[in-house]
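Naming follows writing order (A, B and C), and every chain is counted from residue 1.
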């Protein structure tokens, strides 16, 4: 029969064991996946980038040179400073940046900053700077890299219109933007798994009802919907609440595509010979779902979820950029990009586009990682 | 519809049977979908009555779409029967109709009737070790891990797999070895009846012989009854004692394999036998072919009367309108044909 | 001396994978004659389908022809080595459509689902010959009638999915014949069909072979099919031809231990039902893990360690056929004499 030909191609699995031959025979699904994943070099690199981004998100208070909301009227639109490792003209190690003196253009009254090599701003590792509350638990003041004197200007990526440090704001924005993806996707995952699973496993009327709901939600134009819902959030709510509501809104649509995938997988697996065999063996329904069906597409779901995170990040960025997402004083990449909304600002202070680069890096990294995971998700094909 | 089943109607003759299927129907009615036309009911199995002798091999043959797999699956209640009886007699027990049992009552017979699937690649969960796969029915029935290990090791030895390999995953095995795992999973609970659905069809020629020998050895050793579903008539002739021929959901001929192969009574059986490829080029031109015109009827829309009449060279008016009754014939078989007594059909050359 | 059409010499097809190079075809020799049917028999992994793809330069990536010659003899006596041609060169395209046609196990994969079967066949004719559309259509309808498609005019306008497997295979044959090829390569053409359909399609292939005067290279795993249609047989095992000869000779007196074992392991309709089948021990080795020397030596009942494990001989003259086995090498034949004498007793 036709399976004869397919069995020929299916016999050698395209996964190579890294250690001895024996380990391959007893290698579980996850080991096979890992072997296959590690062969995808770009995906591995993307994974490292993402780990790095989450590391920044977790330790943003320490990694940021200063408080993201500290403004300094004297240092508006400061261009990025370069770090000098040695005392000028000598080989004495003394890391510093140069301070600024400013001139005012007599005709346009625009202030321009000129780096002033005479003004030395010493910087150091793990210096005591602005106080902050670490993870909301305890007060601390150590910063990885900061000006020794916290009043000195130190703007590695420049400053914005209120003289706030762009780098610190990006680092803090990383926390919000990267977590909004995770939280949003977790909500979609739970909704998608449960509703899609029920839809696929039981079929019939429940299936129809859930599928109509999915179709209805998917037929909504998302941006106007979000705008309407975001506008409905009372202004007096604390930023944290708004943040949570926004993630919930984002995942409201996100779960539908996941639910469809889950439904399809469950429906297909329900009729697979090995699931029928388990039923004939007398395995209980609950165990069939948790031991046979779920593991068969868990890896696939992980890949799909990974690919959904960047969509969330982009959605948050878009909403915040339009001013209907997160509101200051919360900082996210989208909120930061709002600062770079008009062409004048971009022309005079192009460094305000840096958050955009972070968005691009994060989204690309998630996409590459997701691709790698998807390829590795089914090690038996 | 097929007339009530005459074979084994007498309780006395049921003594040597373990399955007595009567007028079994498995119909699939597609769910009416909004905005779609209601589709025809597919009568995959339409009034099949069949007696399976205890300890022997009954082969069910037919072309794709004839309902032979559905019949096997209905006996195990993988597909729910629409009507009819599936009478089963456990070893040392009394007759029970499996078709009417609820899930809980059915559970106690699940280990008596087992299934061997066709495709060794889809019927094993790639995420389960061989121990978990073969031991699955034991684990599900609360046997402790140590005993499961012992019994799995024992059955692995019997089917020719090294028990040391029980912690390996299926991907470490070839197609033939996987089919042995599937056989071991069916037999580890010491079943009574095994439904083998195209059990050797996906295997390579050189491995097929091993597997057929293995099935025969295990039948002798464990006193198994096989319901051997196959499209390969030379394998059927080799392994079965009785054969049932199906065409578009109906049983059209049944009898001892030798009788049916040598003297088929139904024109379809005869045509099927004549289509078997010859075993040696020396027989070229010596075998009379009876090529069938037309196509196998669509089970969703079968022709009236005898389903075979559009392709049958002997069809008359009665065939087009009336469904032939299943008639007992000398030699212990049955045939469903209006004209069987008038025809003198060719069987296999002896 | 029959007229040679295609000669394959020492062909190798390699698939580089991360776990090493898979030698799907490894030193294959094959000779096809005009107006003859050659059956290539083998199990999965024997490389039989790969050989067909290699001949037409249709190997899937990363597979490639690693060595050897595929000599195609044109009617005018010119000989082309297909292995040297570029896969997408004009000459190769001419060969593929006009001289060698191919049909597959699953016809649906090589048909367009969105074009009518008639248009697809006409298209083939228009592509290779300068004829008018009307003439192409008329020829298509004639061909449909020839391959046994009932009511060919009406069927001209239907789509492949509306046909049964047997009918689709007939359309494939019509498509293959549309350009008057000299060689038809059929890769398991009846494996997906029921026995009655198989008998019909095989019968049709034999008829068109005689009528159109073409050669057929039929790839199969089924000795029944071989017995039905073959003139010559080539038995493959793990990428090599182990035996090649005339069909009656192969069935009457198989020379290679593998052919012998394979023929014995098939249930025979004329044997006593229920008898034990002769089985070949072990499994087909994985292509990653080929035994050294003769590929069959790990399962061979006649194996003698010294020559067999060392290397594989060429196709040797074994009397009625040619076999790749040391038993037929005069230098080693003596090693098997005692065993053969034992059997004779």
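Following the convention adopted for this analysis, a contact is a pair of C-beta atoms (placed from the backbone, for glycine too) under 8 Å apart; a residue touches a chain by one contact, two chains touch by 3 or more.
Because the structure is predicted, anything quoted here is derived from the model rather than measured.
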Farthest chain (mean CA position) relative to chain B: A
Pair of chains whose C-beta contact count is the highest in the structure: B-C
Chain centre separation in whole Å, for chain C relative to chain B (CA means): 33
Chain centre separation (chain A, chain B; CA means) in Å: 55
Set of chain C residues in contact with two or more other chains: 44, 221, 286
Multi-chain contact residues (two or more partners), chain B: 174-175, 204
Sites on chain A at which at least two other chains make contact: 1, 4, 7, 11
Touching residues (chain side chain B, partner chain C) in the complex: 63-64, 174-177, 204-210, 212-213, 216, 231, 233-235, 237-239, 257-258, 261, 271-272, 274-284, 289, 291-292, 295-296, 348-350
Residues on chain B engaged by chain A in the complex (per definition of touch): 31, 76, 78, 107, 110-111, 114-115, 117-127, 129, 136-137, 140-141, 165, 167-169, 171-172, 174-175, 185, 198, 201-204
Chain A to chain B touching residues, read off their complex: 1, 3-4, 6-7, 10-11, 13, 24-29, 32, 204, 272-274, 276-284, 287, 292, 295-296, 380
Residue numbers on chain C that touch chain B, as the complex places them: 43-44, 164, 166-167, 194-200, 202-203, 221-228, 230, 247-248, 251-252, 261-262, 265-271, 273-281, 283-284, 286, 299
